[in-house]
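The following blocks contain the structures, represented as structure tokens.
One chain, chain A, links the two complexes that follow: it is found with chain B in the first and with chain C in the second.
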Partner chain A sequence: MITAILSQDLDIQTVTSAAWIGGAPMLCVTFGIILALLAEVIPTLAAARPLAFVGSLLAALFFELALITDPQGLIFQGTFRADSASSSWGALFVTAGLLSWLYSQRYYKLEAPFKPEHDILMLCSVLGMMLMAGAEDLLTFFIGLEVLSVPLYALASFRRVRNQSVEAGLRYFLLGAFAAGLFLYGAALIYAATGTFRLEELREVGIHSKLGIAGVALMASALFFKVSVFPFHFWVPDVYQGSPTPVTTFMSTGTKAAAFAFLFKIAFMLPESSAGTLAIISLLTMVVGNLGALVQTDLKRLLGYSAVAHAGTLLLAVTASLVGDPLPDGPLDAALYYMAAYVFTACGAFGLIATLEGDGERFTRIESLRGLGQRRPVLAGALSIFMLSLGGFPATGGFFGKYFVFSSTLRADMMFVSAIGVLLSVIALGYYLRIIMTMWMQPAKKDVPIPSAYRPSSSFATGMCVFFVFALGLAPGWFLDRLL
Partner chain B sequence: MLTAMTFLPLVGAILIALTPGGAEALQRMLALLFTVVVAGLGITLYLGFDGSNPAAQQLVEHAWFSLPGTPHDIPVYFKLGVDGISILLVALTAVLMPLVVLSTKGHINKRVKEFMIWLLLMETGMLGVFLSMDLILFYFFWELSLIPLYFILGIWGGERRIYATTKFFLYTVAGSLLMMLGVIWLTWTLGTSDITELTGATAQLPGATQAWIFASFALGFSIKVPVLPFHTWLADAHTEAPTSGSVVLAGVLLKMGTYGLLRFGIGMFPEVALSAAPLFMGLGAIGIVYGAFLAWAQTDIKRLVACSSVSHLGFVVMGLFAMTQEGLRGSVIQMVNHGLSTGLLFLLVGMIYERRHTRDFEQYGGIASVMPIYAFFFVFAMLSSVGLPFLNGFVGEYLILLGTFKASPLWACVGVTGVIFGAVYLLMATRKLLFGPITVAANRKLQDLNGREVGLMIPLVLLCLWIGVRPNYFMDKTGASIDQIVERVDNLREARIEAMGSVPVLPTPVELDGVKLR
Partner chain C sequence: MANFLFYLMALGAVVGSLGVVGSKNPITSILSLLGTFFCLATIYLLSGFQFLAAAQILVYGGAVMVLFLFVVMLLNLGNPDTSAAPDFIGKRRVPIAIATSICLALLTFIGVLGQGDVQAGNASLAEVDTITGLAELLFGSFLLPFEAGSILLLSAAVAVIVLAKRERSQADKPQTSDTGEAVR
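Coming up: the complex of A and B.
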């Protein structure tokens, strides 16, 4: 259908119609960025700013969803692949962007005048993610990585008056720059060993030399940094805690998804003998994340450590694809489902914290949730649902995410690893339940004010998150058939 | 009808959620109404159930989703059905719930609305577990049913509720997550998640695979029951739970474990179960005696009843793994018996606690002279729990011991001492509580039971009597399904005896391809 609409007059010689369609989501976002920038300069366009943001993302979402069923294959001279996987990931990035934007409405008080910049930076980041997920070329990926990261460095320290936020930005920047360097160095080594950046060609040649494998190791380390896998996770709790909560929302879901998307793409480069190492890294990540979260008193920090643990579970899916799942698409589909559930759950959870804390970052301590069940039952109910989904309980999306990932690892005959993995997720329940317990089972302290923040945009976003968490948990068939 | 039965409580819960916060009477009424309707459906289901047909009846089947698989996708169904293994437990759940709702009047006075919502959600979860005919659907309900109890224990529990709740939850979740791996593995290798198809197809799996999957299931269910080494969560959970929570926990939730052991352990993997039988019979028998000694040593009435649960469930586990017709029949009826008599005991303990706010034996004595009606019911419940002939407990215990004796005289002998110890601690408890002089002045002014309290216990008392006098009315419903399992087990036994060339008295443990079951 879209083919028909777009291919009529746009068939320019060098840019094929497939490229137009495959690149449509990115074009939409770029257009949104330009429009939003223009709105800053031209006063009459000021009203169009939110429209540019939401409109471009919705259009991008539409094209991504259409591309899932109508993949375009290799485009842009073989540097980008618009297939159903990259489009599914793309749809997740857009969703994460939209939800974070909704939660950021009226979140900033002091920084409110700079909100347009906030939105534009976020759009840039989404664009970078899309480029990362579809990249078929190491350099294209690198460009995507930088387009994603640089705006995020700025966003992390968006709250300039708070030392924590500035520190978070700086920390993220320094370590991120280091990771980018690692990636580039790795890519250079791979080029030296094989003479190409193209994944297509790398798949044919394979990586056999020690030089190339060293390159792959460096590249993987850079990606591990982005997905926050042990031992590259140390920045996560600090940055998640220090960044403004809407930015954390975006960072915890979008960035991780984008890096995982590419990690699946380059999994073929990893030597098969590294599967054991990868499994151990996954399990260690889960151990570190879960044990770290268990002792936290700050909600954002706790969710930061929980994000690390979830990255460990997802890395198990990557391991399964390396070991060899009898279903070739099994691990990727499982990871996509897991990530889809995680996007809605984590966005909802972080978003509710943003809603609660208002401008003052008051309600980020777990203690301050005491008695929330009585004071704000709907809000507390939603947060409980997100916690149960993070813990992987049935009727929520987290359950099937977990089910599919462990299906994949079991199919790959990783019995022992799977058993340890599920037992580690029992620890996770310890802290998710603590949050639920604090809200419903402990009376409120008198001196803690009743959180009064009510914003229509965040209520709408929370409603969407709850809806999709349940939809993913009750009707998995709908998503499996249409989206993956 | 099964769909309506399963989801009516959910509808009720949603309706109650919509009522204004203060309308407690309305919320209680709604909860009662919905549970009574479900009970009606349950009784109708029971009366219409054909006990001579071993297959699942009243099937409801809708496509739910497809799991990816080779060579074709694995369809997962929303499939409900009831057969001889589940019918009694379904009926028990349906009948028990309205009584539980009635019993809340005495001890649930804060946050009534939430309590009713959780109670109804729990009913949906429990019925879902018993009625599911699809493994993945079963697992879905199985984990879901944890959450309501978590809240019931955690919000309305006693002083150490948070500790007890967390312990209970983490214990059971650890078991059920390992069980999830078994579920995944089984559905993947056999390409179906339909329980009937799976039961028929498991024999073709290699022995080691069967053993591993059985182990993962057995672990999950054993924690739930709880079988001996996992019993520590139970006493804490029971002690801290509100009365109605205890009744549901003892009456139905623990049965999910024994039910699972029967349907998924023995029913699906008879070969492995046969090899593991001595272990489980042993754990059951030791559980009986150990539980009895634990109960003997308690000074807290509620903890005593909780420990007696461990002992009684030991009987059920022992009978199940005797894997004889008598043992299985006895175990199934004993599941119901335990629900009735322990439920009664928990209700009675709750009623005296509401009046005196202590559960210490030292504070009681001579209650019988002040509260004669209470004393009557307590003695009745106690005797039913001890297993007096013509009461329900006798039928179950007798059959279990008979069945176990056939399979393993040793463990039957150990188990039978449990009957004696059971009588000892229960009679002792009764003496301390009801008889002797009144030592504490506050006990002189105790009010006897009111109409509501008597009314809600009458159905349970009648059922106890009915099972005791006419057990066949109940056991006939379960007969055909159990005989089907027994037949399969007997064939396996014969095959084993032939293979060995001699006639062993005990089913000997066999190491399956180097996999030893714990």
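Coming up: the complex of A and C.
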């Protein structure tokens, strides 16, 4: 009986060598998860825990960088595409994971016994992002979205003793579940309209029926929630403020990059007539983000609103790809460059807040930064560099990110939209410069203690961030030639 | 007949899920959920997915439901003090009405749009609804999402531990007299 079943000729293709290579980054991360779990159980392996995390992510980074120049195309029976774009996005996710991990060292006090679970959840989340960026059908993408989100729900409420953190987790969970529902409904409508889930076949068939377009709209709304653009951005400041800062670091960079990676993939489904709506949404997002940030007194909330504004700028790149940039890969490359600069800048900025925060919440308010320039000049200098880069100051990575996005929108003949976008970016400088002024020009209050936490891992991470912010700002050609 | 049964079951599923969120007694909630699962299984059966229907009844209607009921009864949540429970619907009449009408409008909109637009899927029933066919789909075409699903379950398990487990430093301390309180 059993031999009869076994001898049945199943039509299952074996995993090809291209699939091994293309899936190597995901395999590395999976091995990291398994190793970290084992290290939890076997006492003698306890020392290997950080090694499992860093080692697996570094190996994944190596493979992602190798895949950029040596793309493998469609693998896993057409459910995943390992091309240079998905690998570039993948490298960004891994970088965001590594940087947030470095900043999370010694951040947690009460929750320190749960640090291994923290690391494992972070690895799972990185894996989900990789799946999202490479997904070639809606099912794979949805699983990736959930693998990304489920760990983040727990991570957001990781500081269970603080109500704010629990509230952030619950809020993120409820809205995330809502977004997942929207996505599934949209995907079901697309299936009903076209009879397929595969992006490859959808590209051939195209989406013409109204039913399919309704599905695309629902799906886009779910992604808009994840990237936090205008009508779906209300959760951002609360969740960013309530979550532990290293988790915010990861959430603001990785999640956004992963959702944008897929938004670019499904941009072909959006009807061309929706370009105007998209442009309006991006501009409104920038307005809401920038004006919201202007009035904040809490640093994490401010950076949350600034993250909303940045999402608006990135959505302009999606709009440009829809309108038709004469350079076929122009908008995607611009978005990748923008996101690369944003990953290093935002990781550095949030990470420094985590460093300042230590255990208390004292240093999350802007006014608590007063006099930091005199007391901790190196730290204040690094934070100033990140603020300038977020504002798009020349010689930093943020400048070229904005430059590439706006030149892409200009190529797509969106003069008016680009002009307003640039203007709004200038407004943004207002609140970034306010932070710098507070640090350097206002004297410290007497009773505020000097932040003393010195952590080698976060100093290393800050050094890396500063280096790459300048490298991306001074040598854009090098990165464009090699990595895009 | 089949159409009538479908609408009956769809209505049952909606009513059941409303019962899950609306009921104050957890046991009623769970039984409504069971009803929803049963209706869904019937819809699968009507669509020709016998294996899926059987799995739905066995796994969800059987195993998962028993776990739910077991936990609720073990924690003695079955008899809540209804006077203290917050009146969920009463305070939020307007938002709930708005949300419901938006949902209904969306449904009607899509129902009107969908007339004649629906395409048949490219996976034929005979292919899917055998063990061999399912295996080919799971370990062939959809190998990657299937394997990723295992990571999803794993991460969910770890997430639950993070959220639900007590601090280790406290758990390691020897318990004195008040063990019942400590377990809770």
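Heads up, the rule we're going with is that the second predicted complex is superposed on the first by the 471 of 484 C-alpha atoms of A that agree within 3 Å, B and C clash if a C-alpha of one lies under 4 Å from a C-alpha of the other, contacts with A are read in each partner's own complex, and residues count from 1 in each chain.
Basically, a contact is a pair of C-beta atoms (placed from the backbone, for glycine too) under 8 Å apart; a residue touches a chain by one contact, two chains touch by 3 or more.
No experiment lies behind these values; they were computed from the predicted model shown.
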- [ ] Put chain B and chain C onto chain A via the superposition and say whether they clash or fit.
- [x] fit
TODO: Have a look at where A:Val378 lands relative to chain B and chain C in the superposition and call it first, second, both or neither.
DONE: neither
- [ ] Count the residues of chain A touched by chain B and by chain C, then name the partner with the higher count.
- [x] C
Open item on the list: According to the stated criteria, A:Glu117 is in contact with first (chain B), second (chain C), both, or neither; which is it?
Closed with: second
TODO: Put down the vertex angle at chain A formed with chain B and chain C, C-alpha centres only, nearest 10°.
DONE: 150
Open item on the list: For A:Ile280, using the defined touch cut-off, is the partner it touches chain B, chain C, both, or neither? Pick first, second, both or neither.
Closed with: neither
Open item on the list: For A:Ala46 in the superposed arrangement: first (chain B), second (chain C), both or neither?
Closed with: neither
Task: Closest Cα approach, chain C to chain B, once both complexes are overlaid on chain A (Å) - done: 35
Open item on the list: Using the superposition on chain A as set up above, list the residues of chain A that contact both chain B and chain C.
Closed with: none
Task: Parts of chain B lying in touch with chain A, wherever the complex brings them together - done: 63-70, 111, 139-141, 143-144, 147, 150-151, 154-155, 161-162, 165-166, 169-170, 173-174, 177-178, 180-181, 184-185, 188, 212
- [ ] Would you tell me which residues of chain A are touching chain B in their complex?
- [x] 326-327, 329-330, 333, 374, 388, 393-395, 399, 403, 406-407, 410-411, 415, 418-419, 422-423, 425-426, 429-430, 433, 437, 440-441, 475-478, 480-481
Open item on the list: Under the definition above, what is the set of chain C residues touching chain A in their complex?
Closed with: 109-110, 113-114, 117-122, 132, 135-136, 139-145, 148-149, 151-152, 154-156, 158-163, 165, 167-169
Open item on the list: Looking at the complex, which residues from chain A come into contact with chain C?
Closed with: 8, 10-13, 15, 23, 30, 33, 37, 76-80, 110, 113-114, 117-118, 120-121, 124-125, 127-128, 131, 139-140, 143-144, 146-147, 150-151, 153-155, 157-158, 160, 169, 189, 191-196, 209-212, 214
